[in-house]
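Labels run A, B, C, D, E, F, G and H following the written order; every chain starts at residue 1.
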């Protein structure tokens, strides 16, 4: 199939999940991701798949936990306040080493915030909002097509590492419509989920499986003691960091100023870069596709070339920390943030015009 | 009063809260902080103060929210999994600008983890585990006395900034006993909480007060629109960052290796430093007391002197990110982490001997 | 002589029709043609003469568009 | 001849006394002096002759310390 | 000489903002608010009441109350918040929460049930519109069997399970002093519901126990019906699942 | 010639680890586990059952079950987890949760009540020991009035509010097919409880609806009583608040 | 229809009027332009708050679906004129509903067309068709797409309700006519 | 009693035996030493898991309450010997319960005292007093604190139960005697 349809980024979640052979969606209503939930409510049951509206986001993530334990590809979708409620169990799933995909369509925060877009959950998604210092891969689509494609990657990586994967969208990427091509992406094959719980009678070796987390770790569980668990997880996180970095670099060769942005802010930045280039300004761009693991190496290399960085993010400054860490003091870093939104009300956003303004400011003289 | 008593770090929480005139404690049982809850259950009611055991940690933090809205000094205490469940409402409280104190006695994670100590919630406590990129001051006591003293500071800072303050303890600081002096610390006086809800009849101006968060922001609320809210919060966070950094520096003058550690790991590190100094090894130490705001300046200054850093933390590497950011690539940074625990079971910890070993390794040749 | 007087705040009226539905005297009705600024057909107090100032229209109005008065004498 | 035989796994017995409390024939009792390795006084099968192999002691034992057999003939 | 006396109209405790706040045509959150404001006024509670607004389209009522208020508070958690306020401020302060059905009996199940068990001296008002209005008409725990919503496009069925009768459930808890359900589908029901609201608040004033009133409330756009038809649907369909009446009414809990 | 026949003992579905797992003297979590293992064996469900252990001292039973198992799962959330498993694996797989009272009806209120409302085809077992055992004996929602715990040092009173009768509450939900409460204070009660457990599982096998069994369970160290006295306390004090019996038992939900 | 790229904002209040108009345009544009984006800006639409959307259709990749200044703005609710007139580029076009129009366009560098959308739609049978009339006016004014493409989309969308479809088509055509002027 | 600093581990299984012994020592030490720490290492104590504690009392500030190697270890449960013998510094002291003792101390650089704590305590009236007997043995062996200080603390703690107090005191004294040898 390679059909072309006109959908918004929220619906693209559904089409991507379908292509990834996701079996069940468990979710709770919240703006601005309601089209995701409604897509699954509409499209999944008629395809023999499962859609369940849960009683809360805390419930959703625990349904995910259950679904993951039996070895099914399962997912949820939420927005920021709901995301916050999922932190305990995400941490749990990392401990138990079970995979799932969580789509986070960010809205304005903190707190009840706005029902619109923002990029304020970078920190909790990327550095671990729950307890226990776990890690999870975080993918950041910047178009409906990329949502569709990264959903498939997300399921693949979740299964590959037996770990939750976060797809970090936002209210703009989620609600804007673009044409996308439906396509099934092929990945390397993965081992059977021999650890999955299905009743021991369904298993060739007839042996029980025990998934255990925490103090209960006992000889018969996957990680027999706590230090083993920590080593297992640490090694896994290192594998992810070594192999799963993804980003898009544009026009870096001669760039004197490098934009760093993800999600909708990357679209605004791209536009600004194009305008600036049209005026002969030497600006390039790094768009992280994974924000954990963060593409530190390329940022570092650019920093060493002596460029300036302009980080564009719709929050009060979060990814800028990663850029700072990666650039190791070797580059000046500037920020266009949520404070640079055009409008005072919740619909306010960072427009390309604002980014261009800042580019000019930084490349003048 | 300046009585000397022998208590553990969990009980010191209670004595400190009492000195700070905390009015109510709302909490839910979880190891290793049960002595906190039990202290309040025992000591608060008989002093005419309120102790309520809530039905969950999600409930606790919302009780806190209610208590904070009426202008009372209120607190809770929890450990890691419970902490994760509080993220949504902490974010909410930052939005609404109401103060509270949350004591987080860290245990091993991720997930159900262990019921013992660890320092794995640095990331979520310090960089914001909830949604919306808020900030809160995080205090890290390293002794029972410091717990007692920082509790008072915590209540003061919470009221000063109308923002939650986190006291980041751990299972070792919480359960070990030391003698402490009970003392009331004096702080500058603070303005009346004119914003607090008490029924408009109790108020001089007879006008209602509205605390609102999120999309409902309307002209009569404290921050009439979203961008104002973001500016208010941003300015406040900058004030905190400018004025509230606290740390303890030891023997930095001639140090070639600087330890950076907080909480129980700081005690282990201090011991190791003492032993190393006794052998003539030039080692010093920075012990952040606030981890947000982080004492970046002193770290940077040391980095510029050309020292090496050895970060000691009982997790897989979290504060090391702050050290990395602060040192701007000017210093080599090493880590003693949870992987360096002595024992495989949950009781494992980072012992001073391990730190000394690493110090010697790094200062050899 | 006693009569009811019903004041409809047109900015508030969203034309839901509850007032008209429950007015016991049919003194109030939705206009077939008058819109408010948001494009809603408005409620109109069409029969002041029958209104008994019972207040029901105001009770049932979810948008606080109605004030009811009793006018005595005259 | 039929008789009950009760096996007490001493490593598992924590001396709670439930078996003794509910044994209908008082064939089992807590020892006044014998400790297991954890310092608990142990249950003892003191009257094999009266035991009817009803299994109650095993049902009531929360620590899985008891196995009950019926011995026939002999 | 003519005399002109105000019979009724906008309650005194409702604030009017310069511009009318947006609402859907025929949404009854305003009416639920109206009843509460009227009763608060009649019981002279304006000076000592705190209004806690859950996340629901009805949060507006918190903003528009000439009372101390907070909202929207974290989803489902208004009873926790109110409980803390009551404990700290004591009997003299009246605490009410205004919640939606989704808010109160989905994500808020624990908060609500536990407050009732604790005999918390607060009053919870729940506007039951059989769906999640704010987020665009998804199924709520209260959605009727067969009812179509954006997440039950084929109608609620056994996959989703049964609706929850909140007022009856709350009435089961030992700490509940009062639990009732009303509707606003007629002037008579309006008055009856008002009586329930008054009794519920009186239980709090009298320090007896937890009190709860569920009010059936029309949501025309999400029900896909004209406002007046919504009231008929409540009368014809909703009330058979959610009977009106009092389910618990105690003078003392012991 | 003598013949030696095993009458009873450790259930087959219980795994024995090299070293006995720590437990308090007289703790009845083992007995609750025993009953479930026996019934699973009698119903021949060992091959197709998944055991979900909540956080409770009884989590051990998950580890020691010769069944597919997971635990400790996030506090209070076992019914959510089990529901997902059931939906994905279908009727052939039996899903049971093993929870404490604190786990099931404090933090787990929403998860439990909603599973019952949804008529989720799972079986929840709740060991009610009237306190939080694992964390050292704090008050639970089930703690009796006047009972002293580490967080009610003066005894539970009106500050804390009333205990929750979980089996009765769960019986109120329309999706519940079965709800009962047993105890293990005598051989007769042992057998009666076993019957409840069997009926509950049968409801799941027969795909009727949600099933629930609450089992009163001694916690000697936290009750500050010798084990045998604990059983007396259950008989004398606990059962009057928590009567034994069946509260709902339906052949079909409609 | 020769240009490479068009940008237009549709602005209204409440309901879905402006959003639907924009969506129809975007869907229609897909047949002609490889790149199309539709970006909605909805606050709390169900409750009568302002709502607008930006449609961009282009021969080349659209970097950002969200831009502050656009080539044209169609103001379906006159109260929104003030907010949106600034968002039109110099040389651009503003089409504004006359009903309730209180504000003036102060800028001299843009073309302004005043269209009696509501009144005309009412006359044609349903005030709710005003948004399609305004869309017609945009097409009539700009000729950036063959009207048939939009008609097709209209037919798809309202296939179940012939009466509404007919009124909408009539309003759309009337809009084109008014736009041409 | 002249030295500046003492460190001792008490190790047991389950219950609070080892922890209580350490706590009594720590509380008593407070009268003599300005700096005292007590650090418990409890896994799941209520359920019969190993539990130990480290007591440090010192004239000078105690940098870390947690150290791996200590001056002395009192092994209240003989099964814990293997785990804890390594944690004693060269020249240090190990006091170990004989009941159930299967392991040997292989190190030559430490002093080992075997004490029949359980047996003696049982003889004195209550096996639960074994921990105090072992504490007595530690005091008797090291003389690091006047026994009266611990007696005082014992009296405070068991003031409500004279019988238990008496047995505990007797066990403590018997321990001192055995320790002296």
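The criterion applied here is as follows: a contact is a pair of C-beta atoms (placed from the backbone, for glycine too) under 8 Å apart; a residue touches a chain by one contact, two chains touch by 3 or more.
These numbers were taken from a predicted model, which means no experiment stands behind them.
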Per mean C-alpha coordinates, the chain lying farthest from chain B is C
A-G compared against A-F, more contacting pairs = A-F
Quick one: report the Å distance separating chain B from chain D, using the average Cα coordinate of each chain.
-> 54
Whole-Å gap separating chain D and chain F, where each centre is the average of the chain's CA atoms = 26
Please compute the C-alpha centroid of chain F, do the same for chain H, then give the distance between them in whole Å.
-> 40
Where chain B touches two or more other chains at once, the residues are 52, 55-56, 58-59, 81, 88, 92, 96, 111-112, 115, 213-216, 345-346
What positions in chain E touch 2 or more of the other chains?
-> 23-24, 72-74, 106-107, 109-110, 114, 134, 136, 141, 160
Hunt down the residues of chain G that sit against at least two other chains at once, touch-wise.
-> 14, 43-44, 48
Per the touch rule, the chain C residues reaching chain G in their complex are 35, 37-39
Within their complex, chain B touches chain F through residues 28-31, 34, 37-38, 41-42, 45, 51-53, 55-59, 81, 111-112
Touching residues on chain C, where the partner in the complex is chain E | 4-5, 7, 11-12, 14-18, 21-22, 40, 53-56, 58-64, 66-74
Under the touch definition given earlier, write down the residues of chain B that touch chain H in their complex.
-> 6, 8, 115-116, 172, 175-179, 264, 267-268, 270-271, 273-274, 342, 345-347, 349, 351-354
Residue ranges of chain H in contact with chain B within the complex = 23, 26-27, 30, 34-44, 62-69
